[in-house]
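Down below are the structures I want you to see.
Look at the two complexes coming up: subunit A is in both, with subunit B in one and subunit C in the other.
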Partner chain A sequence: MYKYDHFDQSIVDARVAEFRDQVNRRIAGEITEDQFKPLRLMNGLYLQLHAYMLRVAIPYGTLDSRQMRMLAHIARKYDRDYGHFTTRQNIQYNWIKLEECADLLEELATVEMHAIQTSGNCIRNISSDQYAGAAADEVADPRPWAELLRQWSTFHPEFSYLPRKFKIAVIASPEDRAAMRLHDIGLELVRQNGELGARVFVGGGMGRTPMIAPEINPFVKADDLLSYIEACLRVYNRYGRRDNIYKARIKILVHEIGADEYRRQVAEEFAHVKTLGIDPPLAELERISAFFAPPAFDAADVEPDRSDPDFAVWLDQNVKPHKQAGYAIVNISLKPIGGIPGDATSAQIDVMADLAEQYGFDELRVTHAQNIVLPHVAKRDLHAVWQALREADLAHANLDLISDIIACPGLDYCSLANARSIPVAQKIATRFADMDRQRDLGELKLKISGCINACGHHHAGHIGILGVDRKGVENYQLTFGGSGAEDVSIGKIIGPGFDEDGVVDAVEKATEVYKTLREGDERFIDTYRRVGLEPFKEAIYG
Partner chain B sequence: MVEFRYRTDEVTEQPSVTLDAFLDQSNATAVRLEPDDDARALIPFLDRLTLIEVAFPKYRDGRGYSSARILREAGYTGELRAQGDVLVDQIAFMRRCGFDSFAPEASLNPEAVARALSTYDQFYQKAADSAAPVWKLRHG
Partner chain C sequence: MKLLTGNELRSGAVTWWTGSGWSLHVEDAVDVGEHGEAVLHAEEGARRVNAPYIIDAVATPQGPRPAHIKDRVRALGPTVRPDLTLKPADPAAGDWII
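Right after this comes the complex of A and B.
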């Protein structure tokens, strides 16, 4: 885990003081809401349907138990006793009072946390693989690179008024658990002749025009990284569209001028930027990397006792192999049947913090699928961890199954939404509540967005649901065939939309078609890709 | 009107001309860049310019930040002025990008500007100002 030094701490502390001053000026009436808006948005504070919502950054989704407990404390003290983990590995609080906001941030700063750049047209929180440091297939831990980028992007003077928001993901495995190519910039760490560098993808994204990022550079060396990314951003800042908010993301620029021309412009800018000396020495990456050294693994490689069938199901579904013998990766599902995807109570957050401290080398991760991970748990402790999770209603064995739904907050909270997402997620999970049935369906990533902005990642769902407003009535469109993984693809709309119950029925029919047509161990998406839309369409509309 | 100036030399009296006009006639010493002008077009002429004014018609349009850095990176040492929708909370970023004078459309409170400029004393990245980035302070 990265630890702040006095430089990092002084920057975060200064930000708290600055924001306190801005809030005070707003409360005193010295600035209008219009003038305050860009300031609060730079700090993750949104005015939603019912109250202020504050988004707190969890850099690359990594935190320790002390930080996790602070998130519980904030939920208890400043919100209604719960928090909402988001698809960008952050946490949101939905019921924040403006006059308490600075105090909240001050408390966060005591555990090296902040809300800097969690909104606004700037470089947002850097996301990463939730299995970083634990995955057997990684070439290196991607988080030191993410931390290097976090520091570089924090209060970047040139890139704080970009045409639109900007999201960067860093992974280091061929298996993509972070939807890397659906980011404005996606980096995949690779080795070339033993040297670590980054494959750079630019111009992916979801929203109303979903696009998969093309590769712009096959290998950028560590000591060129910041210059190269700076060049990528400068070309975007200068030439990204500003005439139409819906065409302002970098994906539109890359698409309109073409990947080859964008690559050429970046290369030209890089040749210049590289002369400016903006790259830190490799010693800085080494300094950061030291914080992410593997913990002292020492557990014997023992297989857990599978005699309790509920425990065995959880092991099979939620526990993943670790690169270190004797250890495992534990996924904690925040998707109870009928619950709100990604929500956790203060008490649950505390339980997860305690388990991380007692059994998990003090580390937790937030996933883009809105779940929590304990990345390093000794296999001998798995049963104890499971029992504690079960007592806290956190042992749902549904990772990557149809009820492990990603959903945006939707019209229940969000001022941009056209339709509710949460009730649809709840109804689908309830319809498929039977665990045997879910497990029989296997991996099926279902993702729901309550508007075209696609915060619920519906484009990347094996089954995606998009809520729209049709003449004042909520209507749900279905898409099939999306994926945010290494087999990245954008889902296609299958036909006319449905009402809330209709879309639940349609999803059920699609699963029946899949069960009839699947071959071998095909997943839903494999069958869909093989047979195409027709049989599904026939069953649903026929 | 220039409200804040962080230079000691004389203010240029000559009114600034558009980039197109400058490239046509060219004996002007002051030029004004709109957001979609290419700052690099001025690079051959930097040593005879004493003022470059960069327009910010809307504070949200951040192209002027890149224009400023490009000019400073090319060695421009004359006055670099931000004009237009310039707000107090942007001045620190603008200073880091190389602006050294400010002509905000709506007058700014000098105390608030002074406070904004002194809020941060550490910076993560190297920019167009003289501040040493944190990584430099860490590693010498």
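Right after this comes the complex of A and C.
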């Protein structure tokens, strides 16, 4: 894991001191809310329905046990004993007091964490593959590049007031576990004739105008990558629509001028940027990469005893192959049946930290699907890990099944939401509680957003649900056919919306159609793509 | 009727204008009628409440009921965590939202 150097620590400490002063001035009445709001947002502090909400950055979703325990400590001391892991691989606290926020951030800074750039029109937390460093199919470890981008984008003076927020994802595998092409910039590290570089995709996103990022460059050499991204941002910063918030994201610019013209402008700008010498020297890249060296793998390759059927199901569903023989990737589902997707109590967060320390080389990852990963667990330890997770109500064997639902906080917490998301997720998970039934349905990614901003990634759901406000009443639109993976696609609305119970019934009917029509190993989305919407529509609407 | 609501500056808690001060309980809220804007500006200046605004509500025997679901959620708390609402002992409290 990356460790802060003196510069990293000093800028975070300085920001905490600065924000403490700003809070004090706000409470003392020396500055108005209009003056204070942009300052608190720059530090991740929102005002939501019930209280202030703090969004803490987890760079590329990577944590160690010390940091994870601090997240539990903050939940316990400053919040109401729980935190909410988000689709941006971050954590949010829902009940923060303004007068305590600087103390909180000061404690957070002691473990090299902060809430800087988790809001505002700047480059947000860099996201990545939760299996980085463990996946057999990666061509390189994406984390050093994500870390380099974190350093480059932190307080980048030119990109602190972009036309709109900006999200970057870095992956290094053909299998996309980070919804890479639904980001403003998506990078896929690849090798060409042995040389490392990246495919660069620009102009993807969800929100009210979902778009899949077109490929702007099929191969940018690693030595040029930072300059190229700088050029991508510069063109956007110059021509992005600051006059209309709904057209301000880079996806609109790329769409309006076209990928070819955008590519041409970036190439022109890149030729200039390259003369500025911003690409890091090899020594700096090597310094960063050294923090992500593989741990000392030494476990024998022994298969776990599968005689306990519950353990066997968990192995099959939540444990994934590791590139190193003798090891496995453990996914911890934060999706208990009837629970709140992404929520974890401080006690559960502590348990996950303990397990990472004892069995996982001190590493944890947060996934964009609102789950937690222990990326390096020896196979011989899997049973012990499972037992500890089960005691903490964390051994739900539903990864990628219909109850592994992404849901935004929705109208239960969020001031932007039009409808509640979580109760719908709870009802669907409860309806499909039977594990045999879920497993028979196979991979089925269901994602729920409580408004058009799409924090719940409904556009990318095999089944997506969008909550809308219909004359003051919650209503839910269904979309089918979305995917955030390498087979990326945007879901399509299937017809008129439903009330809360109606949308649960409609989802169930859709699964029945799938079971009737599926062929071979087809997943729900495969069948939908093959047969089209009509059979589903007929069953749902009659 | 019209209610004045906002969030406490220091804690962020949802709060309602009672005619002479602020309460966490919507039952204590009073109809601000035509005087809402004046109270709003005065209270903003007093720095106790953040982002105050005026909403429509309906008078009921149990007290004022905000017209929009968003404000009813604000008045009670998250429906998915009854233990964190203002009425943790009332399992049916969430029905008031709908």
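Following the convention adopted for this analysis, the second predicted complex is superposed on the first by the 542 of 542 C-alpha atoms of A that agree within 3 Å, B and C clash if a C-alpha of one lies under 4 Å from a C-alpha of the other, contacts with A are read in each partner's own complex, and residues count from 1 in each chain.
The working rule: contacts are C-beta pairs under 8 Å (C-beta built on N, C-alpha and C of every residue); 3 or more make two chains touch, one makes a residue touch a chain.
Please read all numbers here as calculations on a predicted model, not as lab measurements.
Enquirer: Spot which of subunit B and subunit C makes contact with more residues of subunit A, would you?
Expert: B
Enquirer: Output check: A:Ser227 vs subunit B and subunit C. Expected answer is one of first, second, both, neither. What do you get?
Expert: neither
Enquirer: Output check: A:His50 vs subunit B and subunit C. Expected answer is one of first, second, both, neither. What do you get?
Expert: Once the two structures are laid over each other on A, A:His50 reaches subunit C alone.
Enquirer: Pick one for A:Thr86: touches subunit B only (first), subunit C only (second), both, or neither.
Expert: In the superposed model, A:Thr86 contacts neither subunit B nor subunit C.
Enquirer: Examine A:Gly472 and indicate which partner it touches, taking first as subunit B and second as subunit C; both and neither are also allowed.
Expert: After superposing on A, A:Gly472 lies in contact with subunit C but is clear of subunit B.
Enquirer: Using the touch definition from the top, say if A:Ile11 reaches subunit B (first), subunit C (second), both or neither.
Expert: first
Enquirer: Within their complex, state which residues of subunit B touch subunit A.
Expert: Subunit B residues touching subunit A: 35, 59-63, 65-66, 69, 73, 87, 89-90, 92-94, 96-97, 115, 119-127, 133-139.
Enquirer: What residues on subunit A touch subunit B, complex-wise?
Expert: 5, 7-8, 10-11, 14, 17-18, 21-22, 35, 38-39, 121, 151-152, 154-163, 226, 234, 237-238, 242, 272, 276-278, 280-281, 283-284, 287
Enquirer: Inside the complex, what are the residues of subunit A that reach subunit C?
Expert: Where subunit A meets subunit C, its residues are 26-27, 29, 33, 47, 49-52, 80, 94-99, 340, 411-413, 415, 417, 420, 422-423, 426, 469, 472-474.
Enquirer: Of all residues in subunit C, which touch subunit A in the complex?
Expert: 7, 9-14, 44, 47, 50-51, 67-70, 73-74, 77-81, 84
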